[in-house]
Amino acid sequence: MVDIQNQTDDREIPLQKVGVKGLSYPVHVLDRANRTQTTSAKVDLYVNLPKNFKGTHMSRFIEVFHKYHSNLSMNRFLLMLEEIRQNLDAAESFGTLAFPFFLEKKAPVSGQSGMMVYDCKYEGSVRAISDGKVKSDFFVSVSVPVTTLCPCSKAISEKGAHNQRGVVTVKVENKSFFWIEDIITLVENAASSAVYSILKREDEKFVTEHAYDNPRFVEDIVREVYIGLCNFATGENAQSEKPFSWFSVEAESFESIHNHNAFAYTEFSE
Amino acid sequence: MVDIQNQTDDREIPLQKVGVKGLSYPVHVLDRANRTQTTSAKVDLYVNLPKNFKGTHMSRFIEVFHKYHSNLSMNRFLLMLEEIRQNLDAAESFGTLAFPFFLEKKAPVSGQSGMMVYDCKYEGSVRAISDGKVKSDFFVSVSVPVTTLCPCSKAISEKGAHNQRGVVTVKVENKSFFWIEDIITLVENAASSAVYSILKREDEKFVTEHAYDNPRFVEDIVREVYIGLCNFATGENAQSEKPFSWFSVEAESFESIHNHNAFAYTEFSE
Amino acid sequence: MVDIQNQTDDREIPLQKVGVKGLSYPVHVLDRANRTQTTSAKVDLYVNLPKNFKGTHMSRFIEVFHKYHSNLSMNRFLLMLEEIRQNLDAAESFGTLAFPFFLEKKAPVSGQSGMMVYDCKYEGSVRAISDGKVKSDFFVSVSVPVTTLCPCSKAISEKGAHNQRGVVTVKVENKSFFWIEDIITLVENAASSAVYSILKREDEKFVTEHAYDNPRFVEDIVREVYIGLCNFATGENAQSEKPFSWFSVEAESFESIHNHNAFAYTEFSE
Amino acid sequence: MVDIQNQTDDREIPLQKVGVKGLSYPVHVLDRANRTQTTSAKVDLYVNLPKNFKGTHMSRFIEVFHKYHSNLSMNRFLLMLEEIRQNLDAAESFGTLAFPFFLEKKAPVSGQSGMMVYDCKYEGSVRAISDGKVKSDFFVSVSVPVTTLCPCSKAISEKGAHNQRGVVTVKVENKSFFWIEDIITLVENAASSAVYSILKREDEKFVTEHAYDNPRFVEDIVREVYIGLCNFATGENAQSEKPFSWFSVEAESFESIHNHNAFAYTEFSE
């Protein structure tokens, strides 16, 4: 059968990314409490396409990904991208993997357990440099739902203070291993309060008063998380060098007094 | 050219709805302050298909709708459905029109103006009965963002109370004309507070304290709106009979202490 | 601590549904090939609220659900709803569980394996009748992506025929056990073609020609699936009575020549 | 009243963006056929926040935007961002405005008119440089739904070829005025076929055959649009210099034989 994709293209236009987008797949990722967890992911996979090729071979992305989906630790994700790069004879490969990450979490007073969900994303790329060597980039994003209580509202009001659910997203480029679980804890501690699946009345009293005692603008949360990430300690590396060479922090708060959101963002780079 | 859709089907299975879904169109709807407003709608249009026809003619739905889109008051929406029914030679036609409805709203103390958005939906159907007569059903839904402040959290906590954005959706079947604007006001008054686009500091103090003084479960809001709709007065009909023969009320609150929502729902029928 | 929810309400308005909405949870469901699979679900859980109670106790829904989430076969889902009903001292309980269901599927010629995703939903309710007895309703929905190729376009064109991805959703009320996998196969056979994760060139040739030889309107697919469900045989019950007392079928086709979709729907009831 | 936001912050962390996100507003934009059109927008507005300020004043973003919403040509959008920058005493301001853009479009044979929708976005920023001067960046994105017909499927199959709806998004940085309408036409001509709201049978025959005669990978469409944008002529500037100093093109095709999409992307820079 004719291989149209392999035909020569004379339009002289290289493409930066070609591939598959929006693939749904079950995946297994690392989990500190249970070693691994099974979850469901959305996957995008691309390579670059030199100007002289008409098209890429879309089925090969899935063939390679299928081999890796039952074991997708961060390291394995980059190995998978390198195998795609080689298989498609490309100079660069790119991939993202977005998935809900579930953790069991205890209520602060009653200790009752419920599951929480945190949206996570891997973003990576691998490119050939020279002598058969490759260079890779890798980022992990973690989105953590939190409570934000407005310092202005508290200061100017005789009673109460508006508060709301918000979501804080941390994206890191790591030099060494870290646990997603430790980023989640850091963010929850930087907010007015953590959120929970199950809260009995004694817990609800606790989180209400805790949030009132810890008012935070989105600006405050971004700054507190920034400081926390600069001093980040995780797992066995707790005493060694800091694991992140780059990170960003954003906080979005679903304002209870508006129909739009408050937003703050910043980045750190070594 | 052959008309495949018009061919006979011998599978003996009538279809309740066939048509077009997810059409995006600019529309003009009624607006008390400005007579009409232009907004953007998502449209679904269906007819029933008797068992002996193979298919419907999808282009005719859009042809008819196109003639009406620049004037879609509630009455005109039903006229449009009746024209679709006749044009497609069907016993029944169905339609929904979902659109953001914009209103200018003043902050409660400073009086500053900003635009608010309320998601609205028309749902209608027309069916032939006998002697060339038709019977129609028509429902309007209005979704109103509000602040909800938790009565339990307030009662058990020494300070503060968790609060959050919520959305209250009212769906009505009306016997006589009413203004969507009056439903919005009713719902905003039934919540812990209305929400606004622009709030200066004096406004923020006001809404914070007002919400703290008016704690409402989703259950409370549904009941308050229910009572309000039973006693509804609108426009020139303020003194006459009640305009609704059926309605439902639902409230969903984006809990600031959880990553899931609280929900309540009820219906009224004459 | 005061129990505000338990207080008496004198507004005389019973609520049909109160509870929690949009909860994200990992769940384990049945899977013919692997006995069970772990996936991620969105959960809504409600009870009715008599007119004399001010509010419901939201945390109890999650407490009960948490006990069941690691084993949610269809039977267990109803047991869970009954436990919620009793725990909240309600006459009725309601629940929905929506989840991606993953299956390994081989390409039609090359036989290469990839994972496919099918969006599924359980919807159930349990209500007390008399003498401590309860009555329950239960529905399962399965959404199956397919290829649809337009019979009209094929008939009137000298070459080619427009085709596109579509999704067929079957919802059934079952009297006896059935496998979701069998509904998926039925739907894929009723469409112009099944869709796949991995297709090599020989597979792409096969599905292209197969779709061209099997043109189907959304109307046709709904009728073919309807006939198939009337004659449905599944698992060990293949020879016994038909498992469904009610079902609906809808097909939505993301027309390649329009920016809106074609839609057809019908229902069957014993 | 105390102004918490104005208080000094000693954490030494400047923030790149703080502001409001997800604001819904009616807006008026330019339209070649009707001078202006009214549509509904989603708006994000930010400024940078120096390290010594605790917070920004969120209400001022909306106050300024409200003044401009009834006239938001591309030039006015940058004037609005500059007024926000000054009003908030910031070095930089940022904004995005996403809106559906509606155009009337005639079927290719019958000439029947229907409305089409194209998702558009403005993205701009303004920053102070020196001597009271400012520098601004501005990008416009236009998403155009199209038909894509697979060249490989056509070449290897004895009959038919898989085709599907796709969407092509062009993002440009412009040096001089251009019409969004001209980008839409360029993209529709580069695809296998344009899509339409209304197609009578003679039109359906035309687009089916036209697509079959013009097979295009997503890679082909990106390259054709790239060439078109390099030679772009628009409105009165048709004879003068090319209007774009930078652009990107991406094509995503909702494959009819898969449940995932094909994707291609590239950029041009002067």
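Just so it is clear, A, B, C and D label the chains in written order, and each chain counts residues from 1 on its own.
The criterion applied here is as follows: contacts are C-beta pairs under 8 Å (C-beta built on N, C-alpha and C of every residue); 3 or more make two chains touch, one makes a residue touch a chain.
Bear in mind the structure is a predicted one, so any value in this text is a computation, not a measurement.
Taking shared numbers over all numbers used, the chain B to chain C interface scores over half, which places it in the same class. The chain pair A-B and the chain pair B-D differ in C-beta contact count, and the higher one is A-B. The copies chain C and chain D differ by a rotation of 180 degrees on their C-alpha atoms, rounded to the nearest 5.
In this assembly, D is the chain whose CA centroid lies farthest from the centroid of chain C. Chain geometry summary: the mean Cα position of chain A and that of chain B are 36 Å apart. A separation of 30 Å divides the Cα centre of chain B from that of chain D.
Shown for chain D are the residues that touch two or more other chains, namely 1, 23-24, 117, 152, 156, 197, 199, 201, 205, 259-260. Residues 116-117, 145, 147-150, 152-153, 156-165, 193, 195-197, 199, 201, 204-205, 207-209, 211-213, 254-260 of chain B are the ones that touch chain A when the two sit in their complex. Listing the residues of chain A that touch chain C in their complex gives 1, 3, 23-26, 37-40, 59, 62-63, 66, 69, 100, 102, 112-115, 117, 197-202, 205.
Interface residues of chain B facing chain C in the complex, by the touch rule stated above, are 1-2, 4-5, 9, 11, 13-24, 44, 46, 49, 54-56, 58, 151-152, 155-156, 217-220, 222-223, 226-227, 252, 259-267.
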